[in-house]
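The following blocks contain the structures, represented as structure tokens.
Each of the two complexes below includes chain A, the first together with chain B, the second together with chain C.
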Partner chain A sequence: MLTLLEILVYGAVQSAVYALLAIGFSLIFGVAGVVNLAHTGFYMVGAYLIYTFFSVLGLNLYFSLILAVGLTGVLGMLVQQFCIKPLIKSEYSVMIITVALAMFFQEVLLSTYGPVDRNLTNFYDATYKLFGLVTIDAQRLITLIVAIILIAFLWFFIKHTRFGRAIQAVAQDNEGAIFVGISPNRVYLQVIFISAALAAIAGALIAPTLGARPHMWEHPLVRVFICVVLGGLGSFEGTILAAVIIGYTEVIVSFCLSSYLGELVAFAIILFVLTVRPTGLMGKRAVS
Partner chain B sequence: MKSKTLVIGVMLLFGFLLIGAGAVYAEKVIKIGVSGPLQKEAGIGDKNGAELAAKEINEAGGILGHKVELYFADDGARAEIGINAVKKLIFDDKVDVITGGWLSGVGLAQANHIFDAKKLWLNVGPATPKLVNYVKQDYDRAKYFFRVGCVNSDMFAKDMVFFARDFYKDKMGLTKLALLPESSVWAREMARYLQPHFAKAGFEIAYMDVFDPKQTDFSPQFSKIRRSGAQVLFTIQAAAPGVPLTKQWADTKLPVHQAGYSLASQVFNFWDKTGGKCYGEVTQLINGGRAPITDKTIPFYDKYVETFDISPTYTAFGTYDALYLLKAAAEKCQSLDTDKLIKTIEGMAFPGTAGLIKFNKYHENVYGPEGKQPVWVQWQGPKKMEVIYPFKWKTADYITPPWIK
Partner chain C sequence: MKQISYTADQISLPPSPLHWKRFRPHMVAVCLLLLVPLFIKSTYVIDLLILCNIYAMFLSSWDLLTGYTGQISFGHSLFIGSGAYTAGILSFYFQVPILITVPLGGVVAALFGLLLGIPCLRLKGPYLALATFAASGVLAALTAVFWEYSGGEDGLYGIASVSANYVVKYYWSLSLMIVICGFLLFLVNSQYGLILQSIREDESAAEASGINVTRYKLITFVLSGFLAGIAGAFYSHTQMHVGTDQFSLHLSIMVVLMSVVGGLGTIVGPIVAGFLLILLNEWLRVIEVVRVLIYSFSVVLILLFIPKGIVPTVISGIQKGIEKMKSPARS
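Take a look at the complex of A and B:
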């Protein structure tokens, strides 16, 4: 019983982090068709910015969080406007320039802060027993709650607001959207702001656990890819479902086998799903 | 005719003078290549240790009158980059001696390239016993290798068992252990060695798992450790950042003592990196530490801290000692010839900063009172890594982390 409850809680935390990171990547791909490999670079920038504002400049933690998220969103818009937009017709060029950008961010941070991890204190220091049994620290609990609220809010925003419908219109038919007075470029900019801001929030939430480090963008990029491809490229619900599958798989594998096998099992799942369903779990089938 | 002869004579004289002056002013140098992950702490230690030694040696007149020149190559902590790094040192920089290093996988990949080039290799970082196999199998080809830095990982595993027995079992009465190595080759080899040896020493391994160095959430492992009734957690981690595990250990108030080998935990800045949550953590320093190991240890440690504002890594002790070992060997055989240096080093017992450097017939650093012995330190405050074992070098009493009853 205890193990089941632990799997339920720890799996939810793991899934929430993956979903928060992957959803932004999926969103920008679904709307603009952009494979933004700099996405986890925004996650890294977010972690460093909150560290800078809070730990170096001594600003209030929540104000630092807002500043870090806002500035990373603006950075995302600059990247869209000046790096992605001129190359948007060539998928490969976009991939190359975005991975180059992630490396550029890494080198800038490396030369500014050095190779040493930077510590960010926990948002709140406490330990809880969920259901009276499952031990969890406050930082992980905050991460879980914030991720759930943000994802629910984003889902509502996209499905039930005028702006969300504009995003859907651009995603479904770019030219049709222009005919009804929607500017795709403007939507792209707004979507990349949201995408980069979500990545920055993930970075800020994980920084107290992991520390801000110059190579921290590399490993999550693989996880994001797995979630997005498994869920179906550009599918909001599919990405969340995939994040939940991968998050829970890793925790179950850790409990039942060994944690170092988590990645192996995750790749086995993706291979299996893509073999039987090449468009991913909730991706649209290609029309011949 | 006379004046013509005079002019030629003067010209010849100037010519000789110029050649002579050139010979006088062309400085004799010995080129030393340092290969290591220069963007990581272990590699920064490689570089700093070598720089400090080179500066001191040059100020004291060099090695047999040769100025020490250092050349650096970043091995990126990856085998393929490591191969390029030693090729750069050998072919571009044309170094005479190679030192430095960190990961065993990188050292194993570099070995054949260094042997082919017949360069003296004063190896510092890699701890795998496999490197010595080269010398065992083909001495003539691999004689260039000497493990100058730490002892091999089998030896520091052995030392881990001695520490656990003397300290946790005999002194504190704790006998149930959890073992958590990262999934790198050397850490798993070490865990395989430790399991039967801990059992022989009277411990019960209540829990064991291998973790991915990229892992950031240890909730499943900690939950199982909590339920296993383990009293001490031994971790083995070098590639893992160390921070997530330590922070989660403190944040979730895991009721077990934490000890083991954690590279990240061996440097001053670990306190800052974890926000002080490493308080009470114990780590093994496999090569050096601020203890009176030899007369040179504490002066070196303090000078290093003063120079670089950070504590020396085991690799920093290693490269520092490697350069001084080279100097001592060269002075002993009065030569910089590689074969003569090898023969001389084989017969030496050199007191370095991290212990007595002495080699067995396979060029392995000897472990124990007759050679090198790791020290165990506990984090007790910012920049306070107190020695708790071996007892002869103890600088403070052990403290129990506040949440452990």
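Take a look at the complex of A and C:
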């Protein structure tokens, strides 16, 4: 009973982080057709920036959070404007340049901070007992709550505001959007800002639990990619569902068997899905 | 189909494979490489050149799959690693001689190529990249699960060396490189290479003109896997070690980046890039702190400003120069 509850709670935290990352990846993928392999690079940059502002410079927590997230968003816009935009016609070139950029970010951080793990102090030091049984630290609880609020907010933003409708319009029909006076380039910049900022928030929230290290982008990259493809290209609900599936499978397998098998199962799932149904769970059939 | 831009002059008609004149620069390069140990006595430099030879094999076998057939693979370490681990395990536990382990490594990698190739037949673009990513991830995770046999994170140390003498080692690596890369060059200049390029340019058109696309794609997967597996097996013998880094995402990414810097779909480009980038990486050691930083930044710049790759750009530059020299003489 105890393990079951633990799995429920920890699986939820894991899924929330994956969902936060995967939503951003899926957004830019669905809207601009950009497979941004530097996405988890932003997550890493976010983690390091919050470390710099909060732990090294000793700024106020909220101020440093805003600064880290905003700066990462701007970095995303720079990447979009100067690296992705010239190559956007070719899917493959974009993948290659973004992965090169992720390596570049890694090297910048490696030469600035060295190869050691950087540990952040928890934002709020406390442990709680959920349901009177499961102990969980405040940091994980904050991660879970913030992720849920942000995802709900983003969902509302995309479905029910003018901005969101412009994003949807560009995703559905690029030229049609131009005809009604929406500039796709501007929308791409907005979307990559949101996506990079979400990744940075995920990085900042997870940094106290996992620590910031220069290779932290590789592990979630494949997970996030898996979530997006499993959920179906550009499908908001599908991506979250997939993040929950991947998050829980990993936690369940790690709890019951071993953490190595957790990785194996995630990869096996996606290979199976790609073989049987390449458009994902909620994807449209129209993908070539 | 969206792809890295290929210009029309890259899709040339196949000359006869016996058209030696065209391969003069290649011959010169091979002769130079053969002479290297006569002039350079430093073990360090020779070791570096061995590494260059091995990377040349990794990159050119990837180029056959991605540059020529257009099947972008982000999981080349699957082939390299399976070859390396096959050779490593056979040599470590059963003391099998190298002459058997290296071809067997290739065979095992070829089998993985077949296994991966079948589900990948109908995947394109990011989906294909993800499938190849995931496949190499599965094997990396398997080495962790069976850590009693594979040595886990540390890998296996004490695999039989190619030879104690580094000059002999160098010549072995060089001859293997010449055989594999020469075979690839021969292949892509034959009709087979032309068929692969037609698949890359337009799959349905290729199919409409009577090419069995499925068969050619599968053959390419198997072949690319086989060659990379041989190179990987040889690599584990030169390092006398196999480890999880041979299965890592990092290695796959390096293979992709280095090949693109050299020039996709040229075979020669990736080979040259392998040599240049590994040597550059070592020369930059003088400024250790920012070494990899400069290295990765220059890769980004090359991708942005010379998307065709170094070798095709340099070659077309030289050709233009020659034409300019000729044209005033004619008039």
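Here are some notes:
Definition applied: the second predicted complex is superposed on the first by the 286 of 288 C-alpha atoms of A that agree within 3 Å, B and C clash if a C-alpha of one lies under 4 Å from a C-alpha of the other, contacts with A are read in each partner's own complex, and residues count from 1 in each chain.
Note that a residue touches a chain if its C-beta (ideal position, glycine included) is under 8 Å from a C-beta of that chain, and two chains touch if they have at least 3 such contacts.
Keep in mind that what you see is a predicted model, and the values were worked out from it rather than measured.
Once the complexes are laid over each other on chain A, chain B and chain C cannot both fit and instead clash. Within the superposed three-chain model, A:K89 lies in touch with chain C and out of touch with chain B [touch as defined at top]. Shared-chain residue A:L241: touches no atom of chain B or chain C. By the document's definition of touching, of the two partners only chain C reaches A:E107; chain B does not.
Of the two partner chains placed by the overlay, only chain C lies in contact with A:F225; chain B stays clear of it. Once chain A of one complex is fitted onto chain A of the other, the partner contacts of A:L20 are absent, as it touches neither chain B nor chain C. By the touch criterion defined above, A:E263 reaches both chain B and chain C.
Of the two partner chains, chain B is the only one that A:G211 touches; chain C does not reach it.
By the touch criterion stated above, A:N122 is placed in contact with chain B alone, chain C being left untouched.
In the overlay built on the shared chain, the residue A:R140 is in contact with chain B alone; chain C does not reach it. One listed stretch of chain C collides with chain B once both complexes sit on chain A; from 1-9, 19-27, 37-45 or 127-135, that stretch is 37-45.
Residues 110, 258, 260, 263 of chain A touch chain B in one complex and chain C in the other. Partner chain B is touched in their complex by these residues of chain A: 2-3, 6, 10, 13-14, 110, 115-119, 121-122, 125, 127, 134-140, 206, 208-211, 213-214, 219, 251, 254-255, 258-260, 262-263.
Those residues of chain B lying in contact with chain A across their complex are 39-41, 44, 183, 209-212, 214-217, 219-224, 226-227, 241, 243-244, 247-248, 251-253, 269, 272-275.
Those residues of chain A that touch chain C in the shared complex are 29, 35, 82-83, 86-87, 89-93, 95-97, 99-101, 103-104, 106-108, 110-111, 218, 221-222, 225-226, 229, 258, 260-261, 263-264, 267-268, 270-271, 274-275, 278, 287-288.
Within the complex, the chain C residues that touch chain A are 2-5, 72, 74, 119, 122-127, 129-131, 133-135, 137-138, 140-142, 144-145, 249-250, 253, 256-257, 260, 289-290, 292-293, 295-297, 299-300, 303-304, 307.
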